[in-house]
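Letters are used for the chains, namely A, B and C, taken in the order the chains are written, and counting of residues starts over at 1 for each.
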Amino acid sequence: MSDNQAKIVVRDFSVFHGKLQSLRSLTMSIPAHRILGIIGPSGSGKTTFLRALNRLNDLSPETRAEGQAVLDGEDIYHPDYDVVRLRKRVGMLFALPVALPLSIYENVVYGPRLSGVRDRRRLADLVERSLKDAFLWDEVKDRLQTSGMRLSGGQQQRLCLARVLAMEQLEVILLDEPCSGLDPISTAKIEEALTLLKAKYTIVLVTNNTKQAARVADDTAFFLMGELVEYGVTQRLFTIPRDARTSDYVTGRFG
Amino acid sequence: MLVAFSALASLLLIAVFILKEGVPFFFKYGLGHFLFGLTWDPQAGQFGIYPMIVASLWVTLGAMAIGAPLGIAGAIFLNEFVPRSVLRVVKPTIELLAGIPSVVYGFLGVMVLAPFIRAHLGGPGLSILAASVILGIMVLPTVISISTDAIGAVPNSYREGALALGATRWQSVTLVTVKAARSGIIASIILAMGRALGETMAVIMVVGNAVKVPHSALDSARTLTANIALEMGYATGLHREALFATGVVLFVVIMLLNAMATSAIKAGGRRA
Amino acid sequence: MRVPPKYAQVLAVALLGAATLLTLVVLVFIIVFVLTKGLPTVNAAFLFTVPRDMGRSGGILPTLIGTVLLPLLALVIALPLGVGTAVYLTEYTRESRVTRMLSFGADCLAGIPSIIFGLFGFIFFVVMLHMGWCLLAGGLTLAIMILPTIIRTSEEAIRAVPNAYREVSFSLGATRWETVLKVVLPNALPGIVTGIMLGIARCIGETAAVIFTAGSSLRMPTSVFDSVRTMSVHFYILAREGISSENAYGTAAVLVISVLAVNLVAYGLMHRFISRRTR
């Protein structure tokens, strides 16, 4: 976890919702090609942090960020930074699966089309590769033209993952409790997909389920009330936590 | 995004042009003279619209006397005393009827209502009464639609509260529901007044259009709107200016009514 | 004397029910009356031949064409303006003094009676811009008249599009404009179309604003600078000048059917829209 292979570095990073501070001068670096699990009780600032890395906070006028968030050496909150380019490099998967009311095919090519990909052959290849990477291909390959909204919740979430993976400039995947509403089989498939995808991408997984973090995350960070309490290699954090609060949380004594 | 200003710009454009064409006339002719003059005789240069103001008032109030009680009664009945499924069918049907062109209403007034009034009540038939009835019917969909929404928005807990205290359904309506929905009902009446006052073609067809101060509901009379529409086709010079000045009077009154309706709705929204 | 509450209730319900019934009967009577009197006159010849002798005999073809062209032209003008305004109000600004002023403007415009639109269209388009009585002047006037309807319905439809769709679109690197085009507008379409239909219905039924701007020529229009007569205006002239009550009834029947048909389509769409949203 040395700084030279860090994909994302945040320094003294704070986020405010109106007067409420939901992230308190956070400093951490996120290494490339690993899965970072972020755990913590609700209201601890996990989701706020994730949305800040995609600058989705820009959409709510009440929210503002302070400090630095650096992706590959560039501050993503710099006024000159192109937020559209950022979001093409940093994909986001939401807690609730949201299939756009389009066909499965059109859902997947939404990002590439925005980037100007017109070639049908290339789009078809992207669809197949992304759906395979998201472990959905076998279930939908014969009905790519049906509406994405007709899929089950678990399938929709994998469709959303495929939609993120189809973006050709993608480097980082942010996942916000992606399995909170899913059945165990879909959850297993998404977890399996993630462990394979880290070879290509940097993955940040926010989860309410500490067992999920223990299963798939290489590193784990524990957030509490907007602060980073402890951050380390997953196995170490779960077996010999250094902070009493971490220990209480991972053993299920609160949260 | 300049297009966003299209509605506001249109409104201003309309206001500016109507005022520009009409207001100078107030100064040339004298506002008091214009509003309270008893004679309208363009050939003789006489432009008093007092008879039209009185006629417009009569017709509008008459329409409200018919349309408001019927409409509010309908809204209460549909909300409180019939199953939801009936409301879901009847309300769209009534709103559909709001789309019937006003000239059709006017024509029915001529063919059915006016002969009936002439035969049974006397007078020329084409009269303030006929216009009031036709307009009263025409504003029914407006009154029912908006009042129904207002009454429907009253939380059920209010009614249950009244019923739990031993009130009958009707008592809960008079004591609670109508009070809570009051601002919406008032807004519906004000908007309907604006519609009645502004209606032109249907009124021209049934009101008789005689330029004199009416003395009874069975008299023929001419409203402000009818005056504009009847003479606009051939008016020139001062005559045309007088018609635009009539338009200014109408515009100002209706804008005031709309502002009142908007603030009534807002007041209701704040309380709720 | 105090009436016991129970009897008061019975009496009140009876009165209210009678009032409701009366309302419905009157409104339905109007339609039935017009259709029974008018439909016998309506046939292919009536619809598709030109009127003769000021409309005393012959058909209504040019007025039918005028009734199609005028609302269409009004729509072509009002739709981009109305939807543009709605998009601006919902997607590009937050609630502020400016948006409140724009909404207020639309509300005021909605309350203006059609005769005032007629006066304005006459003095501005017909006289000042030297258009004369023509399709274009009528279309522009009606466009302003239906603008508030289109703005309001589009605004409601756009606000009903789930915010999650916008977030997904943004998170995939779409700009605001791309999100509006690819996600917001397609999903608001049924609501927007409802507004369009209501606007068309209003144009078809309008008389006062049309007669002073588009005129009342019975000739076939060949360009937007020709005067046209719509069915409403034709019917008004036939009825008011007592030219032919038979043809007046016939025209009224066609008029009522077209307006009801357009309104029905609008309600059908709205219904589908609402049921899709709640599913």
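By definition in this document, contacts are C-beta pairs under 8 Å (C-beta built on N, C-alpha and C of every residue); 3 or more make two chains touch, one makes a residue touch a chain.
Note that the structure is predicted; figures quoted are calculated from it, not measured.
Q: Could you tell me which chain's Cα centre is nearest to the average position of every protein Cα atom shown?
A: C
Q: By mean C-alpha position, what chain is farthest away from subunit C?
A: A
Q: Express in whole angstrom the distance between the two chain centres, defined as the mean CA positions of subunit A and subunit B.
A: That pair's centroid distance is 59 Å.
Q: If you average the CA atoms of subunit B and of subunit C, how many Å lie between those two points?
A: Each chain's C-alpha centroid was found; their separation is 19 Å.
Q: Need the CA-centroid distance for the pair subunit A / subunit C, whole Å please.
A: Using C-alpha averages as centres, the distance is 48 Å.
Q: Subunit C: which residues touch two or more other chains?
A: If we look for residues of subunit C contacting two or more partner chains, we find none.
Q: Under the touch definition given earlier, write down the residues of subunit C that touch subunit B in their complex.
A: Going through subunit C, the ones touching subunit B are 5-6, 8-9, 12-13, 15-17, 19-20, 22-24, 26-27, 30-31, 33-34, 80-82, 84-85, 87-89, 92, 101-102, 104-109, 111-120, 122-124, 128, 144, 147-148, 151, 201-202, 204-208, 211-212, 232, 235-236, 239-240, 245, 248, 252, 255-256, 259-260, 262-264, 267.
Q: Which residues of subunit C touch subunit A in their complex?
A: So the residues of subunit C touching subunit A come out as 94, 162, 164-175, 178, 182-183, 186-187.
Q: Over in the complex, which subunit A residues touch subunit C? Could you list them?
A: Subunit A residues touching subunit C: 54, 56, 59, 61, 84-85, 87-88, 91-92, 94, 96, 98, 100-101, 110-111, 114-115, 160, 163-164, 167.
Q: For the complex, give me every residue of subunit B touching subunit C.
A: 1, 3-8, 10-14, 17-18, 21, 69-71, 73-74, 76-78, 81, 90, 92-97, 99-108, 110-112, 137, 140-141, 144, 167-171, 173, 191, 194-195, 197-201, 204-205, 225, 228-229, 232-233, 243-244, 247, 250-251, 254-255, 257-258, 261-262
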